[in-house]
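Next, two complexes with subunit A in common: one pairs it with subunit B, the other with subunit C.
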Partner chain A sequence: MLQGWIQIALTLMIVVAITPFFGQYMARVFMGQRTFLDPVLNPLDRAIFLLSGMRSREEMTGWQYSRAVLYSNLAMLMFIYLIFMLQGVLPFNPTGLRAPSWDLALHTAISFVTNTNQQHYSGETTYSYFSQFAALGFMMFTSAATGIAVAIAFIRGLTGRPLGNFYVDLTQAITRILLPISMVAALVFIAAGMPETLSGPAIVPTLDNPAVSQAIARGPVAHFEIIKELGENGGGFFGINSAHPFENPNGLTNLIELVAILSIPTSLIITYGIFANNLKQAWLVYSIPLAILVGFIVIAAIGEYQGNPAVNALLGSEAPNLEGKEVRFGWAQSALFAVFTTASMCGAVNSLHDSLMPNGGFVTLSNMFLQIVFGGQGTGTAYLFAYLILAVFVTGLMVGRTPEFLGRKIEKQEVVLASFLILLVHPIAILIPAAITLTFPEQLAGISNPGFHGLSQVIYEYASAAANNGSGLEGLGDATLWWNLSTSFSLLAGRYIPIVALLLLADNMSRKQPVPATAGTLRTDTGLFTGVTAGVILILGALTFFPVLALGPVAEAFQIAKGIG
Partner chain B sequence: MSFAREAGRAIRSTLVLWVITALIYPLVMVAFGQIAFPFQANGSILTNAQGQPIGSALIGQPFTSDRYFKSRPSTTSYSTADPTKDEAGVLKTGISGASNLAPSNPDLLKRIQETTAQLKQAGIQPTADLVYTSGSSLDPHITPQGARAQIARVARIRRLQPNQLEGLINQNTESRFLGIFGEPGVNVLKLNLALDALNS
Partner chain C sequence: MRLPSGRRDDRRHTPKVNRKGLYQQAIRASFVKLNPQVVVRNPVMFVVWLGTIVTLLVTLDPNLFGTVQADIGQQRLLNGIITFILFFTVLFANFAEAIAEGRGKAQADALRSTRSDMIARKLLPDSKIQEINSTELRRGDQVKVIAGDMIPADGEVIQGIGSVDESAITGESAPVLKQPGTDIASSVTGGTRLLSDELIVRITSDPGQGFIDRMISLVEGAKRTKTPNEIALTVLLAVLTQVFLIVVARLLLYLDTSLAFWTVLEEPQQATVYVLEPASPF
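What follows is the complex of A and B.
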């Protein structure tokens, strides 16, 4: 048991240790300062800007930035939808797959354009190699870069700068952050055993019974794998994602995947600190999600370590819950991965979340409800600061002063935007479609596990869509017209309404006259204020969803404790 | 800015970024993998003395006969099928999958009761890895305890000394990364290939 906790602690320490360096690097990139990759990348950037028709790099307002996000994402969405529907006649299709149904292709396209990667299909049997690397792999870069760009624009606005130009930020997020790291890590992944080939599946006779053959699915996996984690995408090349030995063959690849999953959302907080010239505040803010993360890991890991009491009775000994888990990861790495992937909105899985103990179900759902336990690529950081603004407002009310954040007054419009995007959109996108689905359990829901867990399955699917996470309780029969279309609604609402609200909020903040700090100014870089913020997050973020947590995983835990059957 | 100009810029930047991230990047990586690490890049395919492919070092296989160490229960039977009656098309693409049974699902308990009974009948003391299905259904490993629980049975059928098998298990155990990250696992396909090599 101790060995498992050591693995977990060391992984967390690596994640924390790289944040100052990576955060500083990202700040240099987006402040236009020199970085060591400049000699190679400056000419590449210039070529891209020239070919994209960007002679001028004008500063954009909040509305212009939002429109650029929407237009470019719409162009990408239509482009990859076209690739899916034409995959039957496009090259690199060794298994001869035909076009998927229109609603599945639409759901996949929306799910990947929103950085979610919710998959209502199995990669091996649905999408050709070309669809995977040229459509899904493409969106993994651009949707992640869109998130980073929005976060940077938000940070710029919050710190009183102009928001910047979306296309410049999008391009630089790819050429200076996502692509160089992906190239290096993909080389390591290939050396560690991941396939990177265009050949079709290998068919071999099995050793035990040569009359039975085994089909070994493969493909260009390694390059896809790293951007899947680094970009918080999470869409597996194979149906079973990072549990597949080809997507995650050993302890080394698992460690790299874990670190990649959290590296950008953690580091962006430090990037903010450099922009705001207040690293102390950045580290204080950082401590909120880190503390929640550690608590969640402990809860989930204890659940998996203790295992299923009913099964332990059959085995006659205490054993961890290994249902849906791989031997090479065991309880510790599986629980850790489950928490990381839902905390960061990555959505890759190395064990099957449907078979997690209720502790794991509670934690993974809570992560997706809160959305700020480092949170999604870029958006998580922005949500965290939106909570900070709300905390400033709440404390301002308590002490009877006009709330200010970074020397700028928080007024009605900011509070409306921050509370609307945090408090309202998320529950609307999760609870309303879930309520409709649960009204027709036979016709719509497709629940595969009976009892309280069935409720978790439905809630999880919409929470994963609205939080742009993409993992799922995969027993759910979700490859239906209803699921494809209703989750598409949650995907789009959970992605674009907050992005536009964040950009408008940032725009408002950047236009305000700074007020000089006086003795009466509420300081936001203190432990006390950080504690208040954590309280605001837990009260506003978690209480909304507490009833479904109580009816899902909490009730299931009591059921298991009482005895199944 | 006019609609046409905004839309034009969105489309052009989409196409430029597509060429870089979706064509150049993957194809360069495929070329690199094929040149520098052809074994790994093609799926770590193991071959027999005649050079015929017989499996992958990273993917498990089903073992039911008493002459071999058993691997973990799999929901897809390790992506295998009889080529003469493969209506589901398993062999066309290869598949992966999991039970997705919740810990509170009575079906899980029923299945594990059956598996436990089968293992006991075969003279194997059940361990967690041998009764729970894996995540991918292709798990190449069992735990060292799961392997040792099978020594007596295989030694009896193959007329081998138990300590010989103990040695084979140790040789085919893949350890943690740096001795820290992950869990040790016995590669069942490699172990059984080594068994066959010992007997021949």
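What follows is the complex of A and C.
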């Protein structure tokens, strides 16, 4: 037991320890200051800008930035959809896979363009190597960079700067942040035993009967693997994702994956602190998701460690819940991975979330409902500050101070955008399609466990889509036309409506005349205000979904504890 | 320096506000405001009010919207408690609003009393003085004000120097020196009191449009526009109400799915899952 907790504590310490350095590095990149990669990358950037015809790199307004995001994402969506549909005639297809059904290809394309990577397929049997690295791998970089660019534009707006140019931010996020780290880590992964090959599946004789041979899927995995975690993508090369020995061979790769999952969302908060020239506030804000994360890890880990009471009764002793887990990772690293991956909207899994104890189900669902426990690539940080703006507004009115954030007044438009984007879009994108699905359980749902767990399965699928997480509470028959299309709606609504709202909010804030701080200003960098913000997050964000949690994982936990069913 | 003296209640700068009967009126008003036409103006409370009616109906007949598996008496008690809480919420909101309105009205009445029955000394073109009611003054008239008089309407000092007690409006108890020919110090406000000397004042506002009149209409709340913060708060609450409606409307379907399990078990009494009432955080 001690070993498990030490694994958890060490991983958390590494994650926290690298944030100041990484956050500072990102701030230098996006403030246009010198970084140590400049000698190599400046010519590369210039070449990219020259080739893509971006001669003028003027500042964009909120609308222009949003349009740039939407148009470029639409173009990428069509590009990868074409690759999927034409994969039968495209090269690097050793297993001779043909095009998937149109709705599966559409769902895959949308889910990768939205940085979600929800997979209603198994990579090794559905998509060719070319589709995997040219379409999926390409989107893993660009969709992650889109998230970073939006977060940086949001931070710039909040701190009173012009929003910047989307195409420049997108390029720099890839060349200066995602690409260098991915190159180094991919080499480490190859050294740790991951395959990186274009040759087809290995045909080997089985161990028990040398006369029988089996095909072992492989492919260009190592480079795919690191951006899967670093970019909060989560789409595995193989169907079972990071539980596959080729995607996650040992403890070292598991640790690197865990750290990579949280590194960018955590560091962006420090980046904000440098932009705002207020590191104290950044660390206080940082403490909110960190505290929630630690709490969630403890809840999930205790659940997995104590195991299933029904199984324990048969065993006659208490054993950790190892159903659906890789034994080499055990209860601690599996629980930790489950919490990290849902907290950061990564969606990679190294254990089957369907087999987590109800504690784990509660935590993973809550992570995706809140969306700010560090949250998705870039958007999580932006949501966190949108909550902060709402908290400033609410507390400002309560104590009779002018609600202002960083000297800029919060008025009707900001409240509309902030409340709309976090309070309204998310429940609509989750609860309404889930309600339609549950109205026709036989025809649409494909639930494998009826009852409380079935409700969790359906809600999880839509929560994962709307939060752009991408993990699945598998066991759900989700490769159907209805699931592909309805989750596509949640994916798009959960991604682009908030992004446009965030950019407009940032644009509004940047245009306001800052008021100098006086004794009457509501200070937002105090412990008290941070506590109030945490309260606002829990009340506004979590209360909405509490009934669903009560009927899903909470009810299931009581059911298992009482030994019914 | 002039220090205020005497009992605190006597040192009032603003006219005495009559608060008698405020609470009785507010209690009455809180029931009158249950009228749906009034409640609908506040969407958040209107939703609560509709909820009260629905829970009242299921208190009277728990089986109204489908058969309840729990004991009828218990279910009725639960529904009754929820009805009471919701009804009390609406009532209290009305009560608080009525108190605020009542206070505003009392304040307005007090202000108005300073203005009525004020006699102004109007200077006629032949420099004779005619005593008329202050409400008959028109813009451009000239009046003479002597120490101890109220200034009858908003105007501009054109002759004389005098100190004016403006505490009724500004709250500042120290008198302010008024003299002609300067921007700020030459304008006087109706309802303030001249403490020394004499002034000749040219009236600059027609009756009903002076500073005090605008103050009265402001506190009476008839034509009061909402402040930007109030509007923003209304938006936030409206969003929260919508979220609440979405969540609650879907709840029944989720319950069906979850409880499908229990009917299989034939132990329905163990599974009394009550509809949760997620309260609005405000």
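Following the convention adopted for this analysis, the second predicted complex is superposed on the first by the 561 of 565 C-alpha atoms of A that agree within 3 Å, B and C clash if a C-alpha of one lies under 4 Å from a C-alpha of the other, contacts with A are read in each partner's own complex, and residues count from 1 in each chain.
Note that in this section a residue touches a chain if its C-beta (ideal position, glycine included) is under 8 Å from a C-beta of that chain, and two chains touch if they have at least 3 such contacts.
Treat the numbers as computed from the prediction; the structure is a model and nothing was measured.
**Q** Is A:326 in contact with subunit B, with subunit C, with both, or with neither (first, second, both, neither)?
**A** A:326: touches subunit B, not subunit C.
**Q** May I ask you to decide whether A:451 touches subunit B, subunit C, both, or neither, giving the answer as first, second, both or neither?
**A** Touch partners of A:451: subunit B and subunit C.
**Q** Answer with first, second, both or neither: which of subunit B and subunit C does A:238 touch in the superposed model?
**A** Touch partner of A:238: subunit B, not subunit C.
**Q** Is A:411 in contact with subunit B, with subunit C, with both, or with neither (first, second, both, neither)?
**A** Only subunit C; A:411 stays clear of subunit B.
**Q** Classify the contacts of A:196 with the two partner chains as first (subunit B alone), second (subunit C alone), both, or neither.
**A** The answer is first: A:196 touches subunit B but not subunit C.
**Q** Considering only the touch criterion stated at the top, classify A:354 as touching first (subunit B), second (subunit C), both, or neither.
**A** first
**Q** What is the contact status of A:435 with respect to subunit B (first) and subunit C (second): first, second, both, or neither?
**A** In the superposition, A:435 touches subunit C alone.
**Q** Identify the partner contact of A:299: answer first if only subunit B is touched, second if only subunit C is, both if each is, neither if none is.
**A** neither
**Q** Once chain A of both complexes is superposed, is A:10 in touch with subunit B (first), subunit C (second), both, or neither?
**A** In the superposition, A:10 touches subunit B alone.
**Q** Going by the touch definition up top, name the partner, subunit B or subunit C, that contacts more of subunit A.
**A** After superposition, B is the partner touching more of subunit A.
**Q** Considering only the contact definition stated at the top, list the common interface residues of subunit A for subunit B and subunit C.
**A** 450-452, 564-565
**Q** Per the contact definition, I'd like the list of subunit A residues that touch subunit C in the complex.
**A** Interface residues on the subunit A side: 390, 393-394, 397, 403, 410-412, 414-416, 419-420, 423-424, 427-428, 431-432, 434-435, 438-439, 441, 447, 450-452, 454-455, 458, 539-540, 543-548, 550-552, 555, 564-565.
**Q** What residues of subunit A sit close enough to touch subunit B in their complex?
**A** Contacts found on subunit A: 6-7, 10-11, 48, 51-54, 64, 67-68, 71-72, 74-76, 79, 95-97, 122, 124-125, 133-135, 137-138, 141-142, 167, 170-171, 174-175, 179, 182-183, 186-187, 190-199, 201-209, 211-218, 220, 222-224, 238-240, 243-246, 249-252, 254-255, 307-308, 310-311, 314-315, 319-330, 332-334, 349-352, 354-358, 448-453, 473-475, 556, 559-560, 564-565.
**Q** Subunit A touches which residues of subunit B in the complex?
**A** 1, 6-14, 16-18, 20-23, 25-26, 29-30, 32-34, 36-37, 40-45, 53-65, 68, 72, 78-83, 89-106, 108-109, 112-113, 116, 126-129, 131-143, 174, 176-178, 180-183, 185, 189, 192-193, 196
**Q** Within the complex, which stretch of subunit C touches subunit A?
**A** Counting only subunit C, the residues touching subunit A are 228-229, 231-233, 235-236, 239-240, 242-243, 246-251, 253-258, 260-262, 264-265, 267, 270, 273, 276, 278, 281.
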